[in-house]
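Okay, structure first, notes after.
The first chain written gets the first letter, and so on, giving A, B, C and D; residue counts start at 1 in each chain.
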């Protein structure tokens, strides 16, 4: 296993899939000659050329729609959103056209499309650029959404997404791109969509998170162990839809307590759905209500130190677990 | 009080507000000369003319954005979506621009905009036309959403929405337009945003619903009373954001059981959020998990008899309550 | 309004060229027309008649309450679908909006599967899941049937993009309405296809109205017409008298050649007219247009009549033959109605089929976990 | 690439008119310029210098890690904001994209509030909530500062729509980039403003690139340039040498008159250039364009230099005066930095302020219930 960055893991996934399947191509703003706004595609244009790495004008609805049409004929477009927030100018194409086509055609048409890019706050780019719409996308039957937290997951999930015959949204994070981790070098390293990963085992409480919040949860868990001898189980959802309900429920049935951590805005966020599932299917196992930590419920603020407060962090997770376990400071 | 239709109630609200405030105007496709695709604006163009009733080309992003800009200068545009599903082609304007502007300007700019129109399934118009995105909209801080179920609520909420200085989404239903009910004739009849209405009092179980599902809940409640002597309390949310948490919790603390009914697709639907709130804040009062009924989790099907099964109805509510109360058929 | 003549009506002021009567044989000598066999000519006639009879039957069933949702009739516009499709080759694809019955029959879909779809039956082309607006026949290279105005326009670009990507000599025709040209995504598509030399043909079926809004009330456009917006993107354009199948074929064929040979897009504006309302729900369509206007088109510019006249003058058709074709089409439509009536509805279990490829084809993907989130299924 | 001259560089091939040097005094006799007082001329000069010095100071602070997010510098484009704004009257409004510092200072916002905003301070024009991309000054009729490409274009139409609605003689200028013209919503806006006679002026600030993509790689456009897309909607357009303030003013003024007198929109394409990268994060901007190209613009088409030259020739400016203005602007920027440094950050409680009018102004609306859904606040 090599130790590489999350960014490199994504790039490797793209390079391997482009090499493996001639129908795979990457399209987006600045993905080719510029090497990607966040350098996820660095070097790929040089290696694979104009056909496989396509620079697009600032026309998200146009080129996502184009990708949809191309996918009907068997191409497998991987569309980069420079920021995931920009998918809102293409929302009808991205969620309505993609999710409906297979159904409305009675299964005659598939849409093997990947839309990927960073969906996170915490980088002081303001309200319009900091959306984390995994909840909205996952609300739509017909769509799949994954949110990798580690380099290995990024690679394995993106590769599975590209090979999937359904539209898959891969939501990354600019704050994770530079993180390093061990990643299998196997070209066939695939992580199933819909399989959570217990990133830390524990018996006192289950912390469920996805994306960057997984790292906050793990950090908090270490501190809780060290300072309070609390054993947190940290479940990384990895995939929002499909969802690994079994792993969630198994963990909660073991620990009897659940804390959900996410960067989504709270109202109808992913945590809300998981909270419902837990109380619905593990009601008798719960020693306390399911708690949630989300981003503070306001548009993303610019001011750097204040945005730090707005987005969940390890400190908040630490404190919330103490609340839940009634551990005094 | 006059007995009028839901459609007429909306029309009266528009007419009264247009008359009251010269800054109010209605814009949308076919709202003027054609009298509205669903006749909500029938007769208004004739009465108020081109300035107050504006027929727009099929450019939702363009004219919603135009409405936003116009609202900065004090106009109060009421934008009709012929179907609410069409807001997806304008998603960035409708949810990103509207919700961010006040915040990003540090409170200098307001966006008193109403976006209204029918958001419902059950009319066999297929997957792309049948979205009920109140959950997505309510996810976005900065926005407000109301979903009236009765003629009186439709009038009172729409009038409040028009007078509000924040962007408000008013989600109606083509299936309710023809329903009749008593509506106060007072020009100042306003229903506060964020105030639920207990449409039926009861002690055995709380059914929480919004929009058309309120009527299904009420019908089921009558049948449950008649056939099983069960007293259901039916809480009509009316407003999704702001949300009347107090009324919800008060009812659940009384009945100790909650059933959520909505037409939303389940994953991260409104019910998920309410379920989370209830278990979080009334955990010790719950005798059983919170149950939910949503639309069957697939794109809206065309086939008329099958779509009937897809969308929640009184029968389903009836059955679910029996499940929850362990009443045999 | 009633004293207005079609010529003075606001609608026509903005599109006068549409009013001129086309010269029947102006395009008869175009290679694509000159090479037509009698059989091909009759097939075009038959197909147009079949579309009309199919829709007349559908209308009757709709009025009897046999279907739900919308029914957007194509009647009056038949030469566009039939004419354009008739010049396409085996590597060419089409995609259209919700007014899709004509295109469906033109590519060879059967009346049975189409009628059954309107009825919401499991034997429908989309298993009853799509309805009137959502016909599909990928094996006939027909990609729908799309309900969101202009939503199909980048998809059409994508079909053509895929052809080019794969090195296949072919093209895609993407149809849209005169109202649809004002959706932003259409412009984005135009820029993309010009910039990237994509062999797509956008056919604007200009029937003068988007619902109740006449062309001049919804679009600002240059003197040369709606299609002239193409010049903004260096795209070639042309305008077409939509009642004349020869002209439709000739100009479409030119665009197809441009696609094949130069991999360049084209925008065609085809002047046409719908006799019925926007959909059947549009009961008052005689409010926003005059009876005279409708009659004018029916009497002077009916695509079936015009083609009939041409074929009669050419000696390929006579009154008896017309009657025969008519009756055959009517009988076919009647049978389709019966087929639809007798077909079963999809069982409720079908609600969760065709949502995900991975669900319908277990074992073919690395997928686990839950994908549907019904607390309880109602069936 | 290094052997290319600016003239042969792909970028310039697509926009050759931008390369010709403008005749300094070609537009000096235009009424709007002829009527300028010396004071007004010097104010334009001073404002351009102030923009540049402000941004140079901001850049320094950014590089010291004093701010987060993006910083899109306007340096090189100053004559556009200053020239266009300088012809506006008291009922005219403007709105722009994220590259907004120039417009902000041009309308008279103070360096202090602007610098403090970059620092994310509570004293910033948006209380530290908006950052570099989101400056606003409604009382100066400046409506931002918008981050989503072309997202401001219908808003600009709306501002002008409101003026017309209220019967106020005025107009709105909406600025956008050369890359932004390919967003669908801009086209929808163009159609709307032409159809409805809305007095808006779209100013395309064509600096040749959208991030790393040259104009010719992102847009298909007619020979007459990007602005010529306006003809699709019967909108008048013009192109402008953006380094010449006289020309900017003259052509903007003509558009303003059109707006006032005919309530008609205009599209102006102003050829300009940014010396820095797209944002400070765009460190490799010399990869997609040559050093020579940058130098060419700096040496031949710098808007401040050109205006300085004009004012020197006219006898209104000399080297000493220039130095003085320069130093005053530098000092002002330095003070702004100090102001920003010393200002407090917004307290965390500010996170939930300015989200809703109804929350910030209790009692003014019929609102009840919960509006925020934090399970627990972290502060």
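To be clear about the criterion, a residue touches a chain if its C-beta (ideal position, glycine included) is under 8 Å from a C-beta of that chain, and two chains touch if they have at least 3 such contacts.
Quantities reported herein were computed from a predicted structural model and do not represent experimental measurements.
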Check your understanding: Looking at C-alpha means, what's the farthest chain from subunit D?
Key -> C
**Study point:** Contact-richer chain pair (by C-beta pairs counted) among B-D and B-C
**Key:** B-D
**Study point:** Gap in Å, rounded to a whole number, between the CA centres of subunit D and subunit C
**Key:** 45
**Study point:** Rounded Å distance, subunit B centre to subunit D centre (Cα mean)
**Key:** 40
Practice item. Averaged over CA atoms, how far is the centre of subunit A from the centre of subunit B? Could you give it in whole Å? Key: 30
Check your understanding: Just curious, how far off is subunit C from subunit B if you go by their C-alpha centres, in Å?
Key -> 35
Exercise for review: Please list all residues of subunit A that touch 2 or more other chains.
Suggested key: 57, 59, 61-62, 85, 88-89, 92, 96-97, 103-104, 126-128, 141-142, 241, 265-267, 273, 280, 291-292, 297-299, 301-302
**Study point:** Junction residues of subunit D - those touching two or more other chains
**Key:** 126, 128-130, 134, 146, 148, 151, 182-185, 188, 191, 195, 217-219, 355, 372-373, 375
Revision key, fill the gap. Given the complex, residues on subunit D that touch subunit A span 67-70, 117, 120-122, 126, 128-131, 133-134, 146-151, 179-180, 182-185, 210-213, 217-219, 287-288, 345-346, 348, 350-352, 355, 372-379
Study note, to complete from the structure: Per the touch rule, the subunit D residues reaching subunit B in their complex are 93, 95, 124-130, 134, 136-138, 143-146, 148, 151, 153-163, 165-166, 172, 184-185, 188-189, 191-192, 195, 353-358, 360-361, 364-373, 375
Point to revise | subunit D-touching residues of subunit C, taken from the complex the two chains share | key: 182-188, 190-191, 194-195, 217-222, 228-229, 231-235
Study note, to complete from the structure: In the complex, subunit B touches subunit A at residues 61, 85, 88-89, 91-92, 95-97, 99-100, 103-104, 126-128, 131, 135-136, 138-142, 241, 264-273, 275-276, 279-281, 283, 286, 288-292, 297-299, 301-302
Point to revise | subunit D-touching residues of subunit A, taken from the complex the two chains share | key: 29-30, 33-34, 37, 55, 57-59, 61-62, 85-86, 88-89, 123-129, 265-267, 291-294, 296-299, 301-307, 309-310, 312, 315-316, 319-320, 323
